[in-house]
Every structure is written in C-alpha cells, then in structure tokens.
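By letter and in written order, the chains are A, B, C and D; residue numbering begins at 1 in each of them.
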C-alpha cells in the first residue's frame, strides 16, 4: 500500500481564512493509503519545504500531495523539494485549494467541504502516478540551413560565429538570393550588393560553414538533435576544387544568348556561366540543356581553354548525408507571375494586364535589374521593347495581393515600400520623367518607412492615384492605362511608356514538397507555419526545425534578417547543452495492444508518431505498431484520446490517473 | 386425481402466486424479444414461444453480487451476500430442453464445492414444465436423449391440450404442494386430447459414437474446418441452457465496490488468457473445440451426463452459422467410417 | 457584510474537464481576482482538450455528476497546435450520441475559456450550476447504477432505500 | 404491404463466382478465397475459406449470405492465412468496410482479389434461414442501399441487378421517430433495449472495425467500462461502441443482425453516420480515405455548441 503524505498549506491566511485547514488535514488523513497529513502556514517557504523533506524521510512517504495554490505557481517548487528528499518528482501532485477554492468561495463550510474533495481527488490520482525519468536526447551540434538568401546567410553566419558547424544548401549556382538582384534598398537607398556581397564572402570563407550550392535537400530523417539529411549535389560539370574562377570558359563559350534568369531574362549569359559577377562560389556551372557539347557531343571548347582542367562533362549528381541537430528553413519567396496560372491553383490570374504579352509591362524585380548598376542596362532605365527611356511610367500596386477573388488574400508587405523606392530611383535617373502609382492604400509601418514613402510624393514628385486599374492596352508604342481615381471620383487614362506591376510575394515553387520532406506544416498558400503565431514565431511545430525569412510569410530585409538571427539563437540555445532534457510528459505506445491503425499518427500535430516493425527472433515480421519519439512528442495526449484500444498512453495523464480522480468524486 | 387446468385457471394460479409475493418468471416480451422475466401479470405471459435465453438464469444469473467491500482509513470491510434474501420463485412454461438442463447443472454446482448461490436459488424455485409442440430444423432434443414431452427437471409438468388448457403431472414434492395449495383451480380430465408434440427435424446421431471420436481426437484437422469461421463471441454459450462458466470480477472504486460473478464463455479470447500473456487456446478452433469437448466428453467423463439438451438456440443465433447438430452428425459419420475400416 | 446566500434543497455535482494552458489558467485568474462562484464544480486538469476521452464524460455521469463541463483554449490558441480542433470534432459527435440515447444536453456544457477570461470562467460555471440545479439531479445514470438484471436481484431493503433516495 | 424481392440473378451470380474462384485458385492468383457456402439447414449459408480449385463449386450467393466477410481479413481473426493474396466475395456494403480497413492500415488493396457481388438484398435475420426475401424480411440496410453493384472489384458477374423500388427506408424512419421523442422517452427506449444485453460481444466480434486485439472494454486497469452485464455496464458499453465506430462504421449492420437479443444496434451507427455527414460531410464509401472525420479537422468546424 502506498504511504501518501498530504501537506495542507494555510498560505498565510489566504487559504485558512475560508478553508478549515485542520479539518481538511484530519479528513484526508482517513483516506485509504494516506500515511501522514498535516497543515502548515507557508508550505513554499524554506521551513515549509524542509517540513516536507523531513516527513518524506521520517515517515518513509511514497507519494506526496501538497494542497496549496495553483500548480502553475509552485508545482516546480515542490517537485524539486520532493526530488531533493529522494523521491521521483513526478510522485508529487498539487491540489489547488487557493485559486480554485479559498479565493472564490466565502462560505467556510462549503469551501472546506470542497477542499476536502479536491485533496481527496489528488490523493487518488497520486496513487496512480508512476516514476517518470527525465528524458534526454543527444544533440548533434551541427545545423543545416536551407536557402542561401539573406535570411539563410544571416542564420548560417550567426550559428557559425558561435562555433557550430553549419551546412548551407542553395538550389542555385550561387548564394545571394533575391537580395543580390536588388538595386538599392529602402528606406536608406544603400546599394544592395554593397551590403550583401561582403556577407556572401564571409560565408564562403567561414571555417565552420560548408557551402553546397547547386544542391537540394533530398531526404530528411530523424528528429530534433538527430536529423540525417541527404543532399543532392547536382552535377555542375565543373570541378569546384580545381576551378580558379578565372572566367575564360565563359568568355570562350560560343553559346552566348541564353536569357539570364538572374537579370529577369533581360540580359544574356553563356551556356557555362555564373549568374552574376559577384557569385559565391565563383565557380561556373554548365547549363546542360543549352550546351552544344551536351546536345550534340561536339564543341568541348571550355574544356580546351580551362587551364586547371576543371571542366568535367562526366560529372554526375552525388548524394551526401549530413548529420545535423537543427534545421533552419530559409527558402524565401518568388514573385507571382501573372501571365502563368499555377496548375491546380485557385489563383485566377491577371491576364488583362498584359504581362508577358506587352513587353513593356514588367514586374518589380525586373525594374530592380533595370535600375541596378550591375544590371543588363548598366543602371539605365530603358524599355525592354526598344531600349528607349520611358518618360511616363505607371506603377500598379497589389497585383495578386489582397485580392480574395483572385485567390490570394494576404498583403505582400514590401510592395508599397519598394514602389516608393522605384519612383525615387526613376526620378533620379530620368529627371524629366513622371511616375504615377495606382494604389489601394499605402502600408508603411516600420522605422523611417512612412517618411520614405512621403518623400517619394513630396520630393520625388510621384503622383499617387488611389484606385485600381481596370484595363491596359498597347496603343502604338504607348501603353494606355485606364483606371479610376476614387479620391476624386473620376476615370483616369494615362498613356505610359512603361508599366511596373507590384506582383504578390509567394513562397518558392516546390515549397510544399520540401515541407513534406521536413515534416513541417504549411498554409494554403504554401507559406510555412510557425508553431505559435505570437509566442513561437520562428519555431516549427516539428521540434528542431526553425523558420527564417519570407518562406514563412512576406518579409522585407530587416524582418528577414531579424528572424534569421532569432532562428540562429534558437539553434544555439538547443546546442548550449550536450543533451536535450525534457519533461517526461510524453506519449508511450504499449506495443502489445497496438493494432497499427495509426489513428495516433493521423492526429499528431508534431509528427512524433512513427511506424515500427515488430519481428520475432527469426526476423519474421509480426506486426507494425506505432512508436512515439519522445524527443518530438509535444505531450498533448490527443493520440491517447483517439486510440481505440488505448494502446498509447500519455505519461502523467494516464487513463488510470484520470479515472481514479473521477471515481474519487 | 385432479390433473386438468384450464388456461384461465392457470393464469389465475400465477396471479395468485404473484399476489402472495412470489416471483413468477415466465416467457414475456421485452422490447420485442421473448425472454424469461418476472411477470407483473399472468396475462403478459407468451407461453407459445421458446424464449431467446434459457431458464438457467433463474438459478445462475447473468450477473450476481457475491461480496461487497468498503475501505475507510486503513480499514477494509468485507460483507457477504445473504442467500436467504433470495426470492421465492416459480419458473413457468419451461420446455423439456430447458428444464432437463437444470438437473444437469445440479451436478456441477453441488460437486466438490457446493455453490450456495445456485443451490439456494434452486431450493427456492418451483419449475412448471411444458410439453413442446413446435420445432424447427435447429431443434435436436430427440438426438440427445430427450423427447418433446420429457418431464425431466420439472416439478409440475404441463401438456397443452386441444381446445386449450393443460394436463398436469406432478413430478416432485414441490409440484405436489403447488397443486395441493391451489386445488380449487384444478379439475378432473374430461376426454381432452393432447396437442400433437413437436417433431424436431434434425437427423440423429449416436452420442456414444460422438464421445468415442472425441476421446481420440483432441488434435484433429477437422477442428480447423469446423471453427475457423468462429468469430469468438459468447452468443452460443449465453443462450445455452447448460453452459455454466462464470468469471469473478471486482468492480468499484478505491473506496467501495462489489465482487461479482458474471457469465463467461469459452469462445472468448480472454477466457484462457493468462496473466503472463500466454494463451493456451490461442486460436479460435481450439476454443470452439473446448465447447464441444466440454459438452460431449468432459462433462460425460465427470458426471456421466451430456451437457446439451438440443434446444438449438446456438444454431439459430450463431453469427456465422456454426451448426452443432451438423458437426455432431459429421462426427457420427466419421466414426462409422473408422469402424468399417477396422472391420475390413 | 455579504448578502445571505440562499440555501438550496439540491446542490448539483459538476465535474469540469479543462486544459491546463487556457481554462485552468483562466480559473486561476478568477481566483487571483477574487471572483466568486458556486462551489459545486470540481476541476480535472488535462494538458489539452485533445486528451479528453468521451469515456471520461460518460464515467463522470456514471459517478454521479449532475452536469459536466469541458473547456479549453479558443480555436487557434491551442498550446499543442491542434488538440482543441480534434476535441471540437470529437465532442460535436459525442454530444449527438448522448442526445440520441436520451441524455439531456443541458447537462453537458462545452466552452472556450482563455487564460485571460477569469470572468468567463465564473460565468460559465455559475450558469451551468444554476441550470443544472433547476433541472434537478441526473437521475438516469444514478438509477441505472442501482439496477440489476432481474435474475441477480436480491431482496435487500438497503437497495430499495437507496433507490428511493434518488 | 409485403412485396417480393426479385433475386432471380443469384443463380447466375453463384455460377459466375464459382467459375472465377476456380480460375484464380488454379492459376495461383490467390492462396485462399473467403466466400459463402450452403449449410445444413434449409436455405442457410455460412462463411467458408477455400484454398483448393475443386472447392470453388461450394461457393454460393443467396439471400442468406448475410455475413460481412471482411471481418475474416482483420487482425482479430488470426486463423485466416494472411500470407499471399486472398480472394474475398463482397457485397457493396462489405466493400465499404474493406475500404475503411485499408484507410486504417489494416489491409492493402494489392493483397486482395475482390469478387464483387451484384446484390438485390439479403435477409435481415437468419434465425430461420428458409425465409423468402420480401420487403418485410429484407435486411433494413438493404432498403437504404445505393451500392448494389460494387465498384472497382477485380471481378463482378455481368448481370443486371433488378430494381426493387418503393422500399421504406427503415433506419431513416426509425431515427426520425426517436429524434422526435423527448430525452426521457429516448432514455427509456434505450434502457429497455440495453437491459436485454448479455454482453456476449457478438456485435463486437463480427464488426470489421472492432479489430483491436485488446478491447478497451475488456481492460481493468483502469476499468473504463463496467464489464458486468448489468444495466449500467450495458449502457456504457453500447455508448462506447457507437462512439468508437463513429466515422468508421461502413454500415454493414452485422452488429444488429447477430445480436441474439434483437437490440437495434445499427440505429446508433446510422445516427452517428447521419450526424457526421451533416457536421463534417463525411460518408463511408468506396474511396480509401487517408483520415477519418474524427482524426482530422478544419478550422471552420461547427462550434455552435461551444460557449
């Protein structure tokens, strides 16, 4: 029989004023299994805790109930005290007779009767408590960062600077991401490449960072502290170790006219290329689809001219497996292409705006490349169609964003600001030009943001028209933009030379399939979901995976960088200890009863349930059962309520404990 | 000798017993199903149908308390059930297949341990049997040595007559007392003709041959073909007039509760499930084999009786159509073959 | 002085199943704010409403509860991401089943009470207690607990007395 | 008014099943076939497992072929060989159970050879199997059946199922009747019904979805449901059973057919099916569903009942 000790706290007079604590102690003392019961003025004080410890030792108590305040207040305190006295901390329970009793009732008789029942209930519960050992999980102190844009770069540098190894994986031939494409950045108008490229170089030179560009995550196995990540290194056809980055191959390549994605297809590149001159690593890649050698077997010029002999046409994709303890996902965004309706998507598109049909209707990123000093026009604003300088330019906001009827309801957050920046850049470069902006409303929260936006109107003479464009069409070499100015209530028609659409920020293509590999959740737009919108904004529900940047939702550079540093801090917190310790309130599968219906797996929000094969000694498969990874389990117990045979049990909240409480009432 | 009672007087007899505070248990309809249940009124009796469950319930309840416990402080208080509180009962309209099972059960409940619960109820119950006039192709009482007019087990045996009423034969002192105490309701027989008896449509089998085969064939592939389809419910055992296995369970809370005796069935997986996790009857055919073995071999070995009265309930109600009469007939045939082989 | 509280003939037993993060904390807040409510409720703490098995509700009624309250985090606030969403479906179905077998659903209350809603906790508990008090005891399950199959029934005055007490 | 049900196709169905069974057994496509065979009593049928081509001639299909054979493929039935591909004779209603079992990782489609049965209806009870199939004796589930030709089977006899129109939808009518009662009246109804229960667990044992090796209701640490066949324990058992099947039950109604005490158990299952359809647009069907209605959710689920 258990020897339960019950300690009733007066909490000064907070409890004893309305609860007859002595009577509670006397009544509870009569319950089966209770070996000792007493009351004390302040159980949480040092003398109170010492009383508890002494009683455990002297009375050889096996289980403890402290009837006092809410367990949310002092459960830790008493469990620690119990542990110090040599008992497992989970053999101690608190009965809440203050917040749930003495403070909310006035009648002493009623409150005392209720307190006796509350304590009695916890006495029955504690009888069924089991010794729970603290769960420890080993931690591999290396991390994986997926995506080499500014968020990924920042996270990788922060973690690496802290002394931990980082694997940075980038799908493109170079890191840099979208920020490398930008001309200047709001609200300071400093050159994007000037602030970006030093960080890229830092990554390349950092002894703790292993950089895999032209690579993709193939498979993720394991769990927090213990992931095994398989990375596909796509065949570059250039040996990275041998290549010096001299660039002769690119000069000699006879195929020169391939539209460069980095320049939004405005500039051209050879078949062997780096996307932009400051690429990191500065190792070219052969675009096999466009290379004559790969298409016809002839040519081979690059190999002939390569001094170090780095060109390798035989190279194949390789798979590397990296053990890591944490993963930062920073896969960033892409722009909504309005002329191309994503397959199977609810997004309806904006065919009426002529993007892709009228050459001088471009998107914001294309404008960035036009404005960039290192861009295809050397920083001159010239029309793609005929290379003339546009004198009238129209910017249209919210293309795709905030348009529920088109399928995207969210605000893309950066467009108001970058359009203001575009009007300024335009005005700086085309002094006699006029910029018009059609907008719904301007959203400029952020340090110095509204000032910046105002400047575009007040100093840079941009004309803002509140209203949407209903139609635009080519007329000669002009584009007629028809819209309404709702502020004045008139129809507006502008004959523009160029139109820039602020298209919506969307997750990268394939974001959903990566999420499935990682076992993280995503919303209907494929943005990755954080564990808690307010309190855990950088963590995924899946333990050990963190989010940085626009893959979680539209973000500007400062936000992306802050979140990246926050994600890095979370990784470093995880790496601060050799072993991950966690409260043992986790679900456990009783394999004997499990029939492998995996209802538990279906309801587990953490992806903690795995399938486990049970085999006999000869190795024959007997059955497949569920297994709950204690490192990943969140401890909610939804699996147990769902399990038809109750073969999964949440420690600390077992059916036995709960039924004992109900039966005590 | 007064041995005729009209239906009207019979009902009057029952009503008078009810008014005397006796529990009169007879077939009645409960939510559409005919069951043996206590009558509030003799008119509720549905005597022309075989109830779904047998009459054994009157002595061997589905569930009964055998002890109660209460815990307070460090004390545990146990309290026995007082069998003298059992009610005086008259069990009415019991067909030969149900009535004959009762003396068969006497053997096991008064063997090495005298089950006071069973025996006390038995003592306090008077059984009014009824000759059977209806049978179907699931009935096989004649194959297990009974007849539709067998009074075995009854204290008073009624034979339904053409034009209503019953011919009554007392079979015991209890029966005699019942008639004697209600003389005014009985009359002289007056040339009444009994209704034609039931004719079970099931073929015959030789119980001795069946037992001889069972003696030799604990292990036999036939069990698999017979009972692979058994789904392991307790329907056959629970509707059987002779099955008598029970389980003892403690139910209640930390503070108080009861020890109870509940019907159990060898078809259940848990029936022989050991605490260790081992189950000697790990497959359904082994469990079904036990049912046949117990009825036609073990009980015979121990008490010289067959634990089956051919009521056919298990045949009608088996979810997967397992037909005990068919099995016994098949065994009967196999046995013949063996003999022929031996002779040749 | 506090006004004299009315005495009732019948004090219902209310069992509340609550999640620890929202409703339990909300009830704590009611305490720290010294709000007052009827003492009839007994609170059972769960990590999450997702852990609450419908059988517990059944068990509570069988153990003599006159009313049952199930309360957790508002949708979207679940500490465990989605436990309350699963619970919401489960109980939407379970209450329909109870209703179909004849349980008066006025005795079974579901609510979302956040850690900040001490007042709502008081309101929910008070309302349920008063509603159930006016309905009288939950006799159905209590009668059932005392009933025996006819065959196992014995003539005990204690049982009869207990039966009459309901 | 009692009207006869046309079952004239069953002879052709039987012949086709026999032919197909013989073919797939002799070609070694399956190791065994679960089907129906005639039994001793006039008009009766019983489940049978055959593994020899010559035994194919034993297979039949008649109005007494009531069983949902899917139960033999679950883990609860360890006796049926689970190695290799197994053939099974399925009616439309049984096929839904198989789809459900696939969704719950109990079966794999590639391990099954489905012999679908065009079905005009079966008997509601086989206590007296020699009963003519009429609008009275037909199983109530058949009055609400829309799936007389099971789809996506490996083999279905090419016959046209005669249409029997105007059958009263028995469950819908009875559920509506009960819903119109007061809670007290409904309680009284079920109390009377459940008082008959003897806890023989036939309802559980024939249910394809009660595949748990150890039923929650058999456990005693803690005892979640009183095991005793007293009114309280019976009530709890039937509520728990209905809840565990909610969103899973495929509607074969075997629980109700086999109940030796005639408790209308399928009413509970039908009621839950109706509610789950109204609440979550869930219906048991032939599609293998990844998640059932009670292990999934949407953020827009009904919460009008939550304060």
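The working rule: contacts are C-beta pairs under 8 Å (C-beta built on N, C-alpha and C of every residue); 3 or more make two chains touch, one makes a residue touch a chain.
For clarity, every value in this text was computed on a predicted model and none was experimentally measured.
Separation of chain B from chain C in touch steps, taking the shortest path, is 1.
Spacing of chain A relative to chain C, judged by their CA centroids, is 39 angstrom. Rounded to whole angstrom, the centroid-to-centroid distance between chain B and chain D, based on C-alpha atoms, equals 31 Å.
Centroids built from CA atoms put chain B at 69 Å from chain A. For the pair chain A and chain D, the distance between mean C-alpha positions equals 46 Å.
Counting partner chains per residue, chain B has residues 62-63, 253 touching two or more of them. Residue numbers of chain A whose C-beta contacts span two or more other chains: 592, 603, 642, 655, 659-660, 663. Touching of two or more other chains is recorded for residues 195, 216, 223-224, 229-230, 294-296 of chain D. Chain-to-chain contact here is organised exhaustively, every possible pair of chains being in touch. Contacts from chain B toward chain C in the complex involve residues 25, 37-38, 57-58, 61-65, 81-82, 85-87, 253. The part of chain C that touches chain D in the complex is made up of residues 54-55, 58-59, 62, 75-76, 82, 85-86, 88-105, 109-112, 124, 140-141, 144-145, 147-149, 152.
Per the touch definition, chain B reaches chain A in the complex via residues 71-74, 76, 253-255, 277. Taken in their complex, chain A has these residues touching chain B: 29-33, 124, 127, 592, 660, 663-664. Against chain A, in their complex, chain C makes its touches with residues 2, 5, 13, 15, 20, 24-25, 27-28, 30-32, 34-37, 39, 42-48, 50-54, 56, 59-60, 63-65, 76, 78-83, 86-87, 90, 122.
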